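Per-chain numbering from 1; labels A, B, C, D, E and F assigned in written order.
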Amino acid sequence: MKFSIQINEGPYQHQASDTAYLFTKAALEKGHEIFRVFFYHDGVNNGTRLTVPPQDDRNVIKRWSELSKQYNLDLVLCIAAAQRRGLLDENEAKRQGKDAHNIAEGFRISGLGQLIEAGIKADRLMVFGD
Amino acid sequence: MSEGTIKKFLYLNRKAPYGTIYALESLEVVLIGAAFDQDVSLAFVDDGVFQLTKNQNTKGIEMKGFSLVYNALGDYGITKLYVEKESLEERGLTLDDLQDVVYEDENDDYAEKKSILLVSRAEMGQMMETQNVVLSF
Amino acid sequence: MILHTVNKSPFERNALVSCLGHAQAGSSVLMIEDGVYGAIAGSQVADVVNNSLATVKIYVLEPDLAARGIAKEKLISGVQLIDYAGFVDLAADNTTVQAWL
Amino acid sequence: MILHTVNKSPFERNALVSCLGHAQAGSSVLMIEDGVYGAIAGSQVADVVNNSLATVKIYVLEPDLAARGIAKEKLISGVQLIDYAGFVDLAADNTTVQAWL
Amino acid sequence: MSEGTIKKFLYLNRKAPYGTIYALESLEVVLIGAAFDQDVSLAFVDDGVFQLTKNQNTKGIEMKGFSLVYNALGDYGITKLYVEKESLEERGLTLDDLQDVVYEDENDDYAEKKSILLVSRAEMGQMMETQNVVLSF
Amino acid sequence: MKFSIQINEGPYQHQASDTAYLFTKAALEKGHEIFRVFFYHDGVNNGTRLTVPPQDDRNVIKRWSELSKQYNLDLVLCIAAAQRRGLLDENEAKRQGKDAHNIAEGFRISGLGQLIEAGIKADRLMVFGD
């Protein structure tokens, strides 16, 4: 079965990204396919490579990057939500005249159409948020 | 479902506007999603009914108002806005407190029709069961 | 005395009811952000608010009310409207401010 | 049928009660995150949950329950415990998943 | 208040642990704040009482558990944890469901004493009125 | 009178930072002093210079930077909260071995002790959050 995942909250503040991660991992381990993980609202904050969580805590961002690598996951940050909140890749930084970018490995930035497509193409859309 | 199939998309709006961004960013998805030719419905349940109040004026809080966008949804082919009666009543509101959202029906000589469908909680629950994809905000 | 602030809709969360359950006689409660919906007459929580008005002063931040399109005529009588300058005065005039997040 | 997910404490927010008010007979409700508190017997919302059990299947995500230190013995009888693999199965076995955020 | 005055600091905890970070980051403030020699009280009201449950095991959700830190607060001189009776009852809990937080009273030959003070809602409201600074989480 | 302000939520997702800003401005215009604005939890996300909000919307971050300049406001991001969420100044970036930093003009990063001090030194502490 094909799942799409939507995440509406950033790392650490809410459990949404943790739950989504554990659900996604469990689905993959059962042999299901993950069509896409779409990060919306504050969810885009899951895509920053600048975090330095405490050493005795989980690294929410790194965990997504690694899962993406292992299973070739499509991790998409909504561009409109990302712009509001200060998440940029190299291209966006150039285009917006910003002097730095902060997107983590395995994530890409794209439009809201990717969320609709995720809803159309997958058998189930799972939403995790506040 | 095969590639060309039309899915029933439900946008479930349960939050008030302005206190959080969910209502605004939900509307942004609806507008983008309209280009995908799916069968779209919007549900306004619980505090979601506050999104549709008349006379919203955000000048004093320096935020962008977006309530007029609901009335433009008809132009995007989005004409089913389910509003829950019990949610209004619990909040001391009636339909008169909401905008009069309308659309022009191209299948009926562009007659102006109401987009807001006032339904009971029981009807809302039944409508939910007919959907394929639910986006919650 | 305490100025209590409530920024949540009383229909979504328990903050307003909990605040009113703890506020002592003579204290003040200010509804801001989505909290302003608590001032609507005839709602599910209007009785609780009305009863509290006997011992507690209740204020609503007018810019937040206007943003949400709630007309002044719809408010519980006895609830007072203030602007941001009034919010500052309330915070200064009470000895402590307690937010019900 | 729908799998409804509820991730909020029913004592803080109205999500669980609203969900149960809309869930149709035969559908499933899964409590996750702070939503698991809704499964505690003898609480303020236990009657609502109990009544719903007549027509709706109610599940609790066990890892979230364990994290919060709520013993299984404290749960409303009829509520079923599942793990993340069971969560995936529930999502697959129902036709739609609806989150009550 | 003049420089050297001790203020009464209240940490108002109204949220459950793990679903959001507020409980954990509140505790981090409490620990840092202990160095400032103020008169500190913690209030556990509404879902805040869930922070003190026994036997929290976060292994299955891969988050850092922090419930044992409450029992170490005594070592930081923080010995007043007000827990609201009505909040427990509404949630189907009793004091037996909570940790047994204790401290050693250095003014009483290091006798072990209870840090948890079970109070009614009315008493909690009165206690709040005696505070100078309220940090809400 | 001396106020301190605590902000617990990031920009745009919640109204907390907007309300805090309008309160702070109103207090300053009435001649009160703002001892410090302390950003905690997701509030640290108010301190990123990488945001690009829509042109027809307010710029929450820039507004704080400008108010800070005008009134010499002390805007402090909690270091522990900032590390979790990926907010860094140049020093922190170096110290943590990160290749970029993202803090906006007028903000500084410091410890939680600054919040306690803000509570002690001010006449009123105002908390804005979710």
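Worth pointing out:
Quick note on the criterion: a residue touches a chain if its C-beta (ideal position, glycine included) is under 8 Å from a C-beta of that chain, and two chains touch if they have at least 3 such contacts.
Since the model is a prediction, treat every value here as computed from it, not as a measurement.
Contact with both chain B and chain F is made by A, C. Each chain's centre was taken as the mean of its CA atoms, and the one lying most distant from chain A is C. A separation of 43 Å divides the Cα centre of chain B from that of chain E.
One inter-chain figure worth recording: chain E and chain F are separated by 27 Å, centre to centre, where each centre is the mean of the chain's CA atoms. Looking at chain F, residues 8, 12-13, 15, 19, 22, 41, 54, 80, 123, 125, 127, 129 sit in touch with two or more other chains. Touching two or more other chains at once are residues 7, 11-12, 14, 33-34, 63, 96-97, 99, 101 of chain D.
Within chain B, the positions touching two or more other chains are listed as 14-15, 18-22, 46, 61, 63, 133-134, 136-137. In terms of inter-chain touching, the protein chains here follow a pattern that is not a line, ring, star or complete graph.
Pairs of chains that satisfy the touch definition comprise A-B, A-D, A-E, A-F, B-C, B-D, B-F, C-D, C-E, C-F, D-E, E-F. Of all residues in chain E, those touching chain C in their complex are 10, 12, 14-15, 22, 45-46, 121, 124-126, 128-129, 131-134, 136-137. Only residues 11-14 of chain C touch chain D when the two sit together in their complex.
Across the complex, chain D is touched by residues 1, 3, 8, 15-16, 19, 22-23, 25-27, 29-30, 32, 123-130 of chain A. If you check the complex, the residues on chain E that touch chain A are 18-21, 61-64. Residues of chain E touching chain D in their complex: 14-20, 46-47, 50, 53-61, 63, 65, 67, 90-93, 97.
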